[in-house]
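You will see chain A twice below: alongside chain B first, and alongside chain C after that.
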Partner chain A sequence: MAKVLVVDDAAFMRMMLKSILVKGGHEVVGEAENGAVAVDQYAALKPDLVTMDITMPVMEGIEAVKKIVSSDPAAKIIMCSAMGQQGMIVQAIQAGARDFIVKPFQEERVLESIQKLVG
Partner chain B sequence: MLNEYKEVFLEELEEQLQLMDEFILKLEREGGSDDAVQSLFRAAHTLKGSSAAMGYEEMKQLTHRMEHLLDRVRAKKTAVTPELIDLLFRSLDNLKLLKNGIVDSDAPRADISDNVKALEAFERRAEEAATSAAAERDAGWTRPVLSLSDRLKVKEQKEKGHRVYWLSVGIAPECVIQGARAYVIQTMLSEWGEVLLASPEYESLEEGYTESLTLTYLYAGTQEADEIREKVQGLADVADVKAEPVDTAETEMAAVPQAADKPTMEDPQSAAKSKSQTIRVSVDRLDHLMNLVGELVIDQTRIQQVERTQRRRFQDPSVSELGHISDHLSRIIGDLQESVMKARMLPIEQLFNRFPRMIRDLSRELGKELELTMEGQDTELDRTLIEEIADPLIHLIRNAVDHGLESPGIREQRGKPRKGSLAIRAAHEDNQVVIYVEDDGAGIDPVKIKASAADKGIISAEEAETLSDREAIHLIFRPGFSTAQRVSDVSGRGVGMDIVRSHIEKLNGLIDIETRLGEGTSFKIKLPLTLAIIVGLLVKVNGQTLIIPMSNIAEIVRVTRGDIQNMQGQPVVMIRHQVIPVVSIHDRFRSENRREEKSQIPLVIVGSAEKRLALVVDDLIGNQEIVIKSLGAYIGKVEGIAGATILGDGSVALILEIASLFHRNVGQ
Partner chain C sequence: MNLSSENQALIDSLVASIRQVVPQTVTPGEAHPVEDAVALNDIGVMVGITGDFHGQVVLQGGDAAFGQLGASMFGMPLDGEMLHSFVGELGNMVAGNAATLVAGIGKRIDITPPAVMRGQLQLYGFEQGFRIPLTLDPGGELNLIVKINDQGVA
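Now for the complex of A and B:
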């Protein structure tokens, strides 16, 4: 079981992810709707894992990954991406994200990815 | 599971579509503005993600194509052309159709296949132009043999005592972004050891499904073959792994293209407003809450009444305490009512946002040039009102563009700027919302209006003579009136100004018109802030209490019987040089008229401008906040009655529907 911070600008996506995570026995300790909030939340909540959307207003996912990893090099961040974002994922991984999952989310693949990182 | 999300999905969909509308227009106006392209791209991207998750395959396809195309625009690989803008608008229209299909399963199904094809074709053409040179270069690629430096690296690693393997990594077929997956694998390998070569390079991998993909790495590390195989096997999307030790002879057959520089990432959005803290609440719940508050208001008036009678009967401290409690309760209910009302309010921006696109299409269609200015988008009003006022407003705007504004040629002849101007403004004015639609067009010609009305038999020729200009102009609100010479596609589709007017009056609003020939026309719409609770004037008619919505009332006067005269069989009264028809509510509702011979008759003047009626009542009681209740399904809609309310003494009072009184008066 991991404590997870869910970051996505679409409330709808957060709901989807949350329900997958909860079903998988994880605990969603926080939600953020943009990168800036995510950085603050990470510092405050110290989650085991972060799921991070890439395109968001205010602060994009990659920027947030950079900020979080610079404060905690051991941070485990999974990027939530979609078709068309290959270049972005690569940048996110370069910035320190550990893995990525692809929308639309498939439950078992999301949980597998988390398992591999925290298990 | 998906159903619970549908509502949230639809709401966000609506937001995103509006954003798209706004930004495509901006793109058209400003050319390839980075901000607009970026926002459009993001909107398409978000929609693609959510619609895919909801299983709306067509919407996903369409947004995917849009996103793809916008990505090219963003990377400046494709220029912003009128063709591109039209294509984006077309796609947006189709998205709206798809959305309607989701909301209402009976709505006509949108066929997006042509649209998707058009997007693909557009992109293909753009790509062909841009990449023909690159394609030539790529075609000549063969797997290069290991360079001398590669071979040296292998040698070096072996000398360090590291093991060097050829890793063959089969990627699972369900992996969709293979390039990124390859990069993750390579990153992990680099953590465990060193990647000397990767083939194919992740940058060369296309997105999307491929039958099978095998990545080959030249890897150096300390692990045993089994150990590294297991590690790689544990990574996401890895189907199978082979690890074979490398001998020098073999290394000479390996292949790797050189990596090109990656495109740099766009700047993160810096200028953005922080989101206010909000939760989404369904309108049903707010409606219910409003209803409950309404009940409280009614009960509170009753408590006050009881308290008053008690006070008259008993001199007791407990009665005065009841009074204190009742006063306090009033205040709290007042605050509560205001808060709930505020919770139901939305900025009118929601509605206004539709207009720029509409104006753009209209002006193209009609060959007119105009500039739209909008003010007061943040003016808030009840969300039901926003929905209800949309049609009348759209009608007014269409009329203004179609009939009001002249074509550019005529404007120049008349010494006006070529571009017409249309202003839509909203503002709060003493507890009401006022919306103006103003154009600087030809104005309305009272002479033409009179002639046209006489032609159509709306007024007689004699009547036409007696009408003032102002009265004449108001004829456009009469049923059956339309001055359009030809029926254009835009206005004159049978929905006349009379419908606009009665629609607004149903909302307890008023519409007024100001026009100057050759200079322009201004429509002014006044609306209450909310529909559920109104201020009403309580009047007595034949012993029964009736309520007239305050928003309909222009003034209240007392006249003597002698002031009421007869004109062509219609009782009228002259107030400030205006002839106003007098209507007796007794007659209207066929109640017995026990008219006592009073010297003064109270008249309630309702309506506005030319269209006024003087209602005869027996007594004026006073004004009060009332909660509108429907009469219920059993009784249904009654002509002339807008609803009912419960008064302080527990009795039911009917609320008059002023708009229908006018209708019946016209019908006579």
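Now for the complex of A and C:
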């Protein structure tokens, strides 16, 4: 079971991810609607894992990954974005994300990714 | 219809993206030029495009059509704020997957967070844009409205 911080600007997507995570036996310890809130929440909550959207207002997801990873190089972040082109995946991985899930996604894909990272 | 092959490629990518994102059968109709303000009712979502193309994409439809889409994609009926949020995310997924498709022809685009519009309103600035009606089976009708700005023109 992992303590997860869910980051997405769409309340709908946070609700979807939350229901998938809870079904998979994980605990959602926090939610953030943009990258800036995510950086603060990460520092405050120290989650085992983060799901991170890219296209968000205020601070987009790749910027947030860089900030989180610079303060905690061991941070486990899974990107969860509709922007699935190769260039974007490479940027995210270079920023320190561990996996990249393209929306719309299958429930199993999300849980498998978490399983791989937190065992 | 006065559409460059590059702009046609973007519109084709948007339609192809909708077909990928939406589980229903999607049949696009003829593209119509937009000559006046676009009259919206019910719900619409607008996403801005930057990069190798500049413009706006709007997906518009009724509560029932979007509600059915949400139910078929995520297994739950949606209304109120959650329906609005779903429609915003649908716009994000359609534009995001279109960005991946145009990357396949060597074009790079970025997208803005979605803006969701509700109720009756007139949308100006879409002249010279195109409206493509989409029939979803099962589901109903959506409209894809695309405005691509000419680049290099102030």
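Assume the second predicted complex is superposed on the first by the 116 of 119 C-alpha atoms of A that agree within 3 Å, B and C clash if a C-alpha of one lies under 4 Å from a C-alpha of the other, contacts with A are read in each partner's own complex, and residues count from 1 in each chain.
As a working rule, contacts are C-beta pairs under 8 Å (C-beta built on N, C-alpha and C of every residue); 3 or more make two chains touch, one makes a residue touch a chain.
The structure presented is a predicted model; accordingly, all values stated were derived computationally and were not measured.
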Side-by-side fit of chain B and chain C on chain A, or clash: clash
Touched partner set for A:Phe12, first chain B, second chain C, both or neither: both
Chain B versus chain C as contact partner of A:Gln85, first or second or both or neither: both
Chain B versus chain C as contact partner of A:Asp99, first or second or both or neither: first
Chain C versus chain B, contacts on chain A by residue: B
First, second, both or neither for A:Glu31, with chain B first and chain C second: neither
Touched partner set for A:Pro57, first chain B, second chain C, both or neither: both
Chain B/chain C common contact set on chain A: 9-13, 15-16, 55, 57, 81-87, 102-104
Of chain C, residues touching chain A in the complex: 21, 70, 73-74, 78, 81-82, 85-86, 88-89, 92-97, 99-100, 103, 108, 110-113
Contact set on chain A toward chain C in their complex: 9-13, 15-16, 55-57, 81-87, 102-104
Chain B contact footprint on chain A (complex, rising order): 9-13, 15-16, 19, 33-36, 55, 57-60, 62-63, 81-91, 93-94, 99-100, 102-105, 109, 112-113, 116
Chain B - residues contacting chain A, complex: 1, 4-5, 8-9, 12, 41-42, 45-46, 48-50, 52-53, 64, 67-68, 71, 174, 176-177, 179-180, 183-184, 187, 202, 205, 207-208, 234-236, 262-263, 265, 268-269, 272, 274-275, 280
